[in-house]
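Next up: some structures, all given as structure tokens.
The two complexes that follow have chain A in common; it is paired with chain B in the first and with chain C in the second.
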Partner chain A sequence: MIEPTSQPQSLPLSGVSPDEYANLSLWGRFNHWLEKRSALVLIMPAILLVLFLSLFPLVISLFLSFSRFQFVSGGFSIRFVGLANYNKLLFGSEQRRLLGDFGTASPPGFVLGVVFLLVMIVMLVQYVRSKRFSWVGLFFRLIAILFAMALAVLCIVTLGEDGIPGALVVTLIFVFAGVALQYGIGLGLALLVTQNIRGKRFFRIVFLLPMMITPVGIGFLFRMLTNTIVGPFAPLWQAAGLADFSFVETATGARIAVIIAETWQWTPFMFIILLAALESTSHEIVEAARVDGAGKWAMFRSIILPQIAPVSFTLILIRTIEAFKIIDLPNILTYGGPGTATESVTLYAYNQWRALDLGLSAAIAYLLLIVVTFVAMVYVRIIRRRVVVD
Partner chain B sequence: MRKSFLFVSIALVSAFLLIGAVTAQDLPYSGVTLDIVTFTGPQIAEPLQRRAPDFSALTGATVNVVTVPFAELYQSILTDQATGTNSYEGFVFAPQWMGDFIVPGYLEDLTPFVGADDAIQWDDIGQFFREFSATYNGQVYTIPLDGDFQMVYYRSDVLEAAGLEPPTTWDEYLAVAEAVHGMDMNGDGEGDYGSCIGKARSNQAYWFIYSIAAGALQAQGTSEGAFFDTTTFEPLVNNPAFIRALEVYQATTAFGPPDELNIGVGDTRTLFTGGRCALTLDWGDIGPLAVDPEQSIVQDLVGSIITPGWTQVLDRSTGELVACDDTTCPYAIDGVNYAPFAAFGGWSGGVSAALDDLTTQATYDFFSYMSQPAQANVDVTIGRTGFNPYRISQFENLQPWIDGGFSEAAAQDYLGAIGDSLNSPNMALDLRVPNNQRYQQVVLDTVLAQFLAGEFTAAEAAAQIESQWNEITEELGRDAQLASYLATLGISGGN
Partner chain C sequence: MLDRFFKSPDPFRPSPARLVFTYLVLGFWTFVVLFPLYWLFITAFKTPVDVFTGPKYIPWVDFQPEMFAWNDMIVDTGITFITRPYSNTVVVGLVSSLLAIIIGTGAAYALARFDYRPKLAIIGMFVLALVLSVILVGAGLPWYLGVGIAMAIFFAVAYTVGRRFKGHMGNNDITFWLISQRMLPTIIVIIPIYVLFQQLSLLDTRQGLIIAYMTVSLPLVIWFMGDYIRNIPLELEESAFIDGASRYLVLWRIILPLCVPGLIATFLIVLVFNWNEYIMALFLTRAEAQTMPLLVAAQNATRGPQWWNISLLVLLMIAPLIILALVLERYIARGLLIGAVKG
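Let's turn to the complex of A and B:
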């Protein structure tokens, strides 16, 4: 057996003793220093490249969000305007488009708001009483609650009477409705395919097909499907006496169309991951439960769901972050309309970029980054502990 | 045997290569490649693509037509030039944008080229298109390929059956649309539409509103302008005239196809030539499309008229609507003030200033070739080209139109309506101040879409447009914008 060589902690990496080190020339000491940091030196180019590629656009777009970009003779000019772009978005002429038109909360909306507030307070009290309590933690939780309440109030007042949701609330609708539907249907299909049914392989491939199609193609596909004059469903539509009505002409109808198209596109992603998770669950436990007389619902709720919970958690997180960036479908399917009814935040930023208002576009993108980061962090902090750790 | 076969083969190939090389050397632009950018047609791009091989055969230049969505054309040209990418040798674009491209030096001054080119027959191009579409600060920067006025088209058989006359005012337009809405106009047993106007966002909706509003905003002649006050550069939108126009625009939706808010002008053309609409508002394209048997079932059933007007106009001193009389509407006809809108101004070709001499000449020659009467006078009679008449000879000589499928009466009716618009002393000019794209394609287009979708009332929409236009003006400088606006109206020097 070969004993591993060991070096005393006091010796440098190169095996030079302190006495030997003291006798080294300047060049020797430099070589020694370089050798000690060789790992860092060798990996640094890669780190710098990655940092450059990831941080440079972030820094530049942050700078742009505080600027006014203009094409001028011989090139372009960038003028620093401070918080003007953010002020325009949150309090100025673009507030209506980003945040919406504030109406009055409907009774159900008001009740929901109160319930949401109570839940937040209960969670805060639980935290204060817990062993994990710290003042720093409390500070961040208070900020998170304020942010969450602001989003909730925004949703309630813009979706309430006389209110019109802006791009932010429209995006939240797309995200939460879309991801919930995609997860529900994806899980249902995955459970179906794990059953011992004929043509399992065929269904697996068929269910995956929408994911292979480019989102722009799906946009055009659904644009055609929702056309009630010349689309494939036009005869049925007309037979139902709805020839003079197009549901994508209404704000709600257009949003539903986008959610359906988004669900059609991304359900396969949920399906394939959940299918893998389901197929890797322990059959022994399921068999044991069956022998013990557990019903199908009980088995699903108490055995299967906990086993796929970690995968589900990650899956929902990935899709949620991705869904916040929705742009292709509303851009192609409804042009973001009617009006701005289906204009997501990313589409809004894109429209401003297309109008060459790069500063405003960057500011919108940064606000979206803040919202996405907040939602992701809250999700991770609250859900992960309950679903995965517990 | 094999050796002699090989020798003969080599000799033949060499001969072909030699002939090819000699032929290519004879052509002036051999080896020159021209990338011409325009919008995703098929209109406008079609004639460029169709005639590119002919131009190549004549000159040796290779012409590639690159298309981008209309909503991105302005930015594509601007960013390509500003960043020095220079992907395109030529641009076919809206002449109203030219100021934004000329001032930074992106467009080649074509004045000497036009002066040395007899084949283009410059004086045959209508004066308005030579001056408004082609010229900036007295220099020629673009070659007109198209003439643009919006007009109203109607189904003559449908109106006759209903005992109605073509509308002369926008109130009459609504009345006619309402009266015939639901009639079966194409014999398929289904009810059809009283009015079809493309209202989709990021398309052409923002021009249609000015075709409706111009007659109520401008009454003292072309130099009065329809967009801004000529002393303060305050937008002429938050007033009863523009608000009434918005209401009319919205009211037409009730007599249109159910998805009118999501369809563009290409869709309404298909609906109209498919016999599904009694009235439509469009550029000159409908005329040739309606006589094309491959695309239309309404040949000789289409009439065209100057855009309807108003019997009341805006009094700019009081901000109120006043009835038309000799003072308030000096150009009115039978008490109706017309202001035909030269929307867009006609697709025109510009040459990048970042080219070598040979490529510049080749690009100019391509646009000249497209605009010469031998090509242009045929292309304007073909609906799918999207090119509308802009040369004097195109108005005077009916034969190409008759050869293109028009009856003589239909050609006279169609050209008459365009001629009435072109010759109107109260013609409304499109906006051509710096950054007009932001005023129109960004703000006006978005607020209109929001208004049509019910997110704003007419008054709120007018206030929104006013506030956002003023924001742009303040940023760019009110005095500079005013000076530029006055120049485009011909009030102080030529722009």
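Let's turn to the complex of A and C:
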């Protein structure tokens, strides 16, 4: 399937003449083959593993998502049902749980939606007037804008008055709020630690620790910490008159608790790499700018930020992709509750799997894949061109 | 006087005012990080009474630390209650991370040094063959027959018709394809893997978990190590080839020693993911191969909120990783930065 075209010239064993080859032992011939085919031998294990445990399951999942899976006496039956699962999720009985209850947009939400739409239109106009314009590009951009608007409207409508956000919107909130907080705090801490101060090493090590802890453990840890009766902050809650209040029993409180726990765990990842990036930025330029009398903000904006932009781009991409898969934290911290207030898409799919509705579970997973791929592609398309100078 | 507080005498050191601000913020975050860990630690030494009669902060002052939870979890419940999941986590975590590093680094090296030209048409045929096999199995054939027939057709067509097509992809496409596997939500692949492992009797075994973890770790390894290896100049290898070294010897003796910081950082990251992995273990194990995250997660259902016991389990589980992080801290940032910086 994959044929290497260029072999390095100076391979010692591939230079064996036919006569010599005939005299080789079986082991020698095996070595000869191993060397001649090293390009394939090195890459095939990875390709085969990913093929059989990623691509193959992906195809099966697609098939499952179009079918109804049932356990019958002595085994199971799979019946092809077309788009019924997707129909149920997007328009039918499961719509409430995946997408949420539609309310009416609140005024700030409405304004936000209009601004969002205007930004899209401006970007589209810029594209049409630029040199890179092509009809195919325009077509894909129009589809992307429709999809993005659909997601934006969904968020605005379900978060507005009388609306209840579903698993998809909740996951989007977790991802965007979580990643933004992690990056912001991580960058702030990294900027402070790069200064010429004492105790650098101490802060580096301490700030790294939360990343090592299992999300399941963090779930329990924050259950203890947010307890208003026996948790460590109980006196504070009582002083504020909130003794009967429980974080994990109100929808907003539970979501905030999940975001805080997620931020606590993953800020170290941002911090440690941004710190290394900041420390490797060129000191000459910074010093030159300082001599020229550049202010703190101007220095950060036009000298430091461009240097760490490529790393930031990759970091945010990694964290966004990983954050979409969130399941263990809400599952332990809030059990997805109260009700389904903190149910992420993956948790929803898992709950459906436990209810033995494998077809629906696979369909949910596929919808998540579509959203993740879309967000990642749009992010790469829009941001990469601006920050990564090749 | 006040001026001296806001202006630094030495241009390379922050001014005193800035220093105060810096230490306040960093001190606050140190508290944010360490306090939950401190609370976890002391809760593991509390008795139920100490936990439920309101918050107790300082051992020997507020409460008398006791080995109540240790006794309860380790002596009363039986030592295998902890040792079995613990050894599973250790073995599965270490072996899968190590294998992922070996296979992933090999692939990353190959992608950096060889040119691959997989033909588009053959890839398309392969995907079609996969679809065909799924349809055959769905139609009622046993899985080995379905897959076998589809693969036979694929090889027959690929080696006759497939060679005529010209369009091909390059190394960047392969790399992107491998790395993009990380984007797949675990839940999407885990249901078929569950069925597959059931057929191969790999459910609830360490081997099954190792294979699964290895696969999901590969993209990260290829991503991080790929850029690391591309930064190593070719000349180093070429001189070795002229001296008659084989490809594998060069990889082992020249490339790997230069990658040590990257290897350590990548290993640690992958190990953290595999050590703490939850959802795949949830699907693929029952009792025999149960790992620590599952044991911890199950506590609330089986025992109610026995926080002293849960704290102890979490503490035991995270201790090795924390020690490892303290020892290897130097390598993490440096190793990851070179790998991730180019994206």
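Basically, the second predicted complex is superposed on the first by the 337 of 390 C-alpha atoms of A that agree within 3 Å, B and C clash if a C-alpha of one lies under 4 Å from a C-alpha of the other, contacts with A are read in each partner's own complex, and residues count from 1 in each chain.
Convention: contacts are C-beta pairs under 8 Å (C-beta built on N, C-alpha and C of every residue); 3 or more make two chains touch, one makes a residue touch a chain.
Note that the coordinates shown come from a computational prediction; the quantities given were computed from them, not determined experimentally.
Undergrad: When the two structures are overlaid on chain A, which partner does A:A355 contact: first (chain B), second (chain C), both, or neither?
TA: Touch partner of A:A355: chain B, not chain C.
Undergrad: Go through the superposed model and pick first if A:A251 touches only chain B, second if only chain C, both, or neither.
TA: The first partner, chain B, only.
Undergrad: With both structures fitted on chain A, tell me whether chain B or chain C touches more of chain A's residues.
TA: C
Undergrad: Check the residue A:V378 against both partner chains and state whether it touches chain B (first), chain C (second), both, or neither.
TA: neither
Undergrad: Could you look at A:L151 and tell me whether it touches chain B, chain C, both or neither (first, second, both, neither)?
TA: neither
Undergrad: Which partner chains sit in contact with A:T346 here, chain B, chain C, both or neither? Use first/second/both/neither.
TA: Touch partner of A:T346: chain C, not chain B.
Undergrad: Figure out whether A:T228 sits in contact with chain B (first) or chain C (second), or with both, or with neither.
TA: first
Undergrad: Can A:V286 be said to touch chain B (first), chain C (second), both, or neither?
TA: Neither: A:V286 stays clear of chain B and chain C.
Undergrad: For chain A, which residues lie in the overlap of the chain B contacts and the chain C contacts?
TA: 229
Undergrad: Residue numbers of chain A touching chain C in their complex, please.
TA: 1-6, 8, 10-13, 31, 34-35, 38-39, 42-43, 45-47, 49-50, 53-61, 63-64, 67, 78, 80, 185, 188-189, 192-193, 195-197, 203-217, 219-225, 229-235, 264, 272-273, 275-277, 280, 290, 310-311, 313-315, 317-318, 321-322, 324-325, 327-328, 331-332, 345-346, 349-350, 353, 358, 361-362, 364-366, 368-369, 372-373, 376, 384, 388
Undergrad: Can you name the residues of chain B that touch chain A in the complex?
TA: Listed in rising order, the residues of chain B that touch chain A are 71-72, 75, 78-79, 82, 100, 103-105, 190-191, 200-203, 257-262, 437-438, 441-442, 446, 449-455, 464, 467-468, 471, 475.
Undergrad: Chain B touches which residues of chain A in the complex?
TA: It comes out as residues 68, 71-76, 93, 96-97, 101, 164, 227-229, 238, 243-246, 248-249, 251, 334-341, 351, 354-357.
Undergrad: Can you check the complex and tell me which residues of chain C touch chain A?
TA: 11-14, 18-19, 22-23, 25-26, 29-30, 32-37, 39-40, 43, 51-55, 57, 103-104, 106-107, 109-111, 113-119, 122-123, 126-127, 130-131, 134-135, 138, 158, 174, 178, 181-193, 195-196, 211-212, 214-215, 218-219, 222, 238, 241-242, 244-248, 251, 272, 275-276, 278-279, 282-283, 292-293, 296-297, 300, 305, 307, 310-311, 314, 317-318, 321-322, 324-326, 329, 332-334, 336-337, 340-343
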